[in-house]
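Look at the two complexes coming up: subunit A is in both, with subunit B in one and subunit C in the other.
So, the complex of A and B:
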């Protein structure tokens, strides 16, 4: 069974927090984390970890989110570690290439990797503690001012909702077609590249055909329910509570303090 | 009232005609079944009712509004809800209540009224307890009821259902049929496409389609009296009617124009009492 998004049902203070506050915090964090000095990065990472615990997010979920990107994070670390200038602590002799592992490079690599991990964790906190519909409502709110510039904010929100709805269906369709093709002798894991390529093309073309057919039918169903491009009202209405304002204020103050500290270090 | 006046429709300009010369009317609050073999134009017909398709020739009017009039389409679509054959092709929301709210949101109703309509629609189809559930965790029958609730939230005067019991197990199918009957008794007009003549037997009128036109129509009794005509186009009778025909052929003087269990029971009881 495929579920939409990563949302984990819960009643923690992080779950209850207005999604606009969470979204704004993640946007600000993404910008700040890239320009602050190492001690502040470590402090932010510690805060992120505290929020993970406060939101009762299992570390397994964080691990699942980090896993597909671990090679990328590792690559960042080793590139810095081996190719940065500084005092060499080990030499690696490769044919045609002499590279050195430097302390400075390791520190730099570790810091960039930590910054990257902080971004992933922040995104996981946001998606696991916010229902997709509240998230869309928040994005719609954030994009609200762009309506004046004729940005189709309502249409973007509907597109996001459809994408979230259709993604699990697409995965199910893929599984169904894959099983159907396997039962008829299609070798999807064949050793020969040509065979695998042929099977892959057959699989994707069948899935794409199904997706286009489904998209056509869905468009008709939406039209049948009076969907027209343009403004719509919303079932999910966001309202800021006193706590939300309080937490937003705390976040602003904390951000200011961190930036202040950053300039003194 | 829904009026089809000599309607022709082609999917492609030079293609075959999916509807050829269809003329029919459906009164307010009527429960009509549309039956016919595959490819006879049933789905094309109901998509005209909702103004999803417009005729190549002829006209379709809904309570006096012509479906060709683009300015009236939203009113028409609000008046006639359409339940698609596969709920997965219709449901757009991530949870039951969000999907149910999709129509009212499109009608630009205030949030308070949307919430009221959603609660009312879910309650009407008996799935109020599933309001916050993720669509992907529902059974086939529950998804179908969620799709119907999504339509009811728009408070339509008619509902067109395209094979509402397709892919359902007998228990879920019965639940959906009971729901349709309940809606009809609440005054909602029903246009019900089906392959199952036993389902059609429970309606007020059956329209039999073949090769894009209305082959013949009438009350279930009239339809079941024309067994040969039905068999010519490959429509099988309800099992209970087949049984009554066999009984009559074996010499028992029973009526054979009955398609429902209750009617058959009272007919056989009457015979025994005689």
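So, the complex of A and C:
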């Protein structure tokens, strides 16, 4: 299991910042970064890097988060580099295939890749400096207005907790069933596709029946303890401190200035 | 949203399917040309077992798990950046597709295997529609290029996943009641 995007314990100002401010910052960043010009993107990337240092997040973690996406970023870069129209660089030219490496394309590809990297780094900052329970509290707050539309926001928070609790149980159940089937002589690692698919069907349907039985027990236990749907109190209560308001204000001003600069350049 | 009809059992089942979809990101089946994950397989199972609204809720839980930083998106990714990034459209498509597939399956009292496959096919079309749209917009690729990068390589794998989901869904549907 990859461990990218997990919470890292710490006491930096970024850790202590209200998760709602962080969440809002990331959402706004992800929308704004797609429509600003190159110099601003580079500036934002530099700011992101500064925040990484301020939050004392090891660069190794950032590297781990970026690694699985490198192929995708590379793919985007090269599609742009080779298929964009513009002045071709004579060095690499494949006339028979009608594609060529162009300067425009490389610039554009690099920009798209940089934007993408910014988003990844911002998301990593958010998740490595916020505990899941505080994150759920923030999401509950953000989804608050949807209560008017009869979206069961409180239930969604409970369900997220449940799902997080159920994840390790699923892996345990899978190992249990796998061992049971192996001891009874099932061929789980056949070479042929048909054998493999059969093994997959057998394994999966058994696991599904098993975990649904567990879920039944859980539902029964919740009902037995008079679990009621609707408004709930939470263990984590968020409260905005003065510094949180201050940072939120700074972010809004900085965003405004950047957008202003963007229309001038 | 089926806010009034949501039972405790429904809540637990939807959370379970959300967790299963998350676990599906780690089940990678090596198939040419691109390795596939079992996520859409569990999406389809959710649609078969839970019906439209609950299945959509389960996929929403899955996405939110990723948003709060559990590495549950394909390839162990996590965070909001993925949702707004080039491949985020597929994830948003998951919620809509689960709703559509589940609703189509429940339109018939006892859906046969062909009706189920048809419903899942529609669901896949929804996922790819959303996915390609966002890929084209975010990565600034042309529509044809986005189609070549984001749809064609996944079709063989998805055909197999649909078939498997239909078979397994049929086997266990009668034993699990929401």
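One rule holds for everything that comes next: the second predicted complex is superposed on the first by the 204 of 265 C-alpha atoms of A that agree within 3 Å, B and C clash if a C-alpha of one lies under 4 Å from a C-alpha of the other, contacts with A are read in each partner's own complex, and residues count from 1 in each chain.
We adopt the following convention: a residue touches a chain if its C-beta (ideal position, glycine included) is under 8 Å from a C-beta of that chain, and two chains touch if they have at least 3 such contacts.
All values reported here derive from a predicted model rather than from experimental measurement.
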Which superposed partner A:46 touches (first subunit B, second subunit C, both, neither) | neither
Touching A:212, do we find subunit B (first), subunit C (second), both, or neither?
-> second
Have a look at where A:132 lands relative to subunit B and subunit C in the superposition and call it first, second, both or neither.
-> both
So, A:240: does it touch subunit B (first), subunit C (second), both, or neither?
-> neither
Please indicate which partner A:201 is in contact with in the superposed arrangement: first for subunit B, second for subunit C, both, or neither.
-> second
Would you check which partner chain A:164 touches, where first means subunit B only, second means subunit C only, and both and neither mean what they say?
-> both
Have a look at where A:225 lands relative to subunit B and subunit C in the superposition and call it first, second, both or neither.
-> first
Could you look at A:259 and tell me whether it touches subunit B, subunit C, both or neither (first, second, both, neither)?
-> neither
Broader residue contact with subunit A after superposition on the shared chain, subunit B or subunit C = C
Dual-contact residues of subunit A, meaning touching subunit B and subunit C, are 1-5, 132, 162, 164, 218, 222-223, 227
Quick one: in the complex, what on subunit C touches subunit A?
-> 1, 3, 6, 8-9, 11-16, 18-20, 22-23, 26, 29, 45, 57, 60-62, 64-65, 67-71, 75-87, 138-141, 145, 149, 160, 164, 167-168, 171-172, 175-176
Given the complex, residues on subunit B that touch subunit A span 47, 50, 52, 74, 77-78, 81-82, 84, 86, 88-95, 97-98, 101-111, 114-115, 118, 134-137, 150-151, 154
Across the complex, what residues on subunit A touch subunit C?
-> 1-7, 23, 26-27, 30-31, 34, 65, 68-69, 72, 75-76, 79-80, 83, 108, 112, 116, 119-124, 126-128, 130, 132, 135-136, 139, 149-152, 155-156, 158-160, 162-164, 166-167, 170-171, 174, 197, 200-201, 204-205, 208-209, 211-212, 215-216, 218-219, 222-223, 227, 229
Show which residues of subunit A lie in contact with subunit B when the two form their complex.
-> 1-5, 131-133, 161-162, 164-165, 168-169, 214, 217-218, 220-228, 231-237
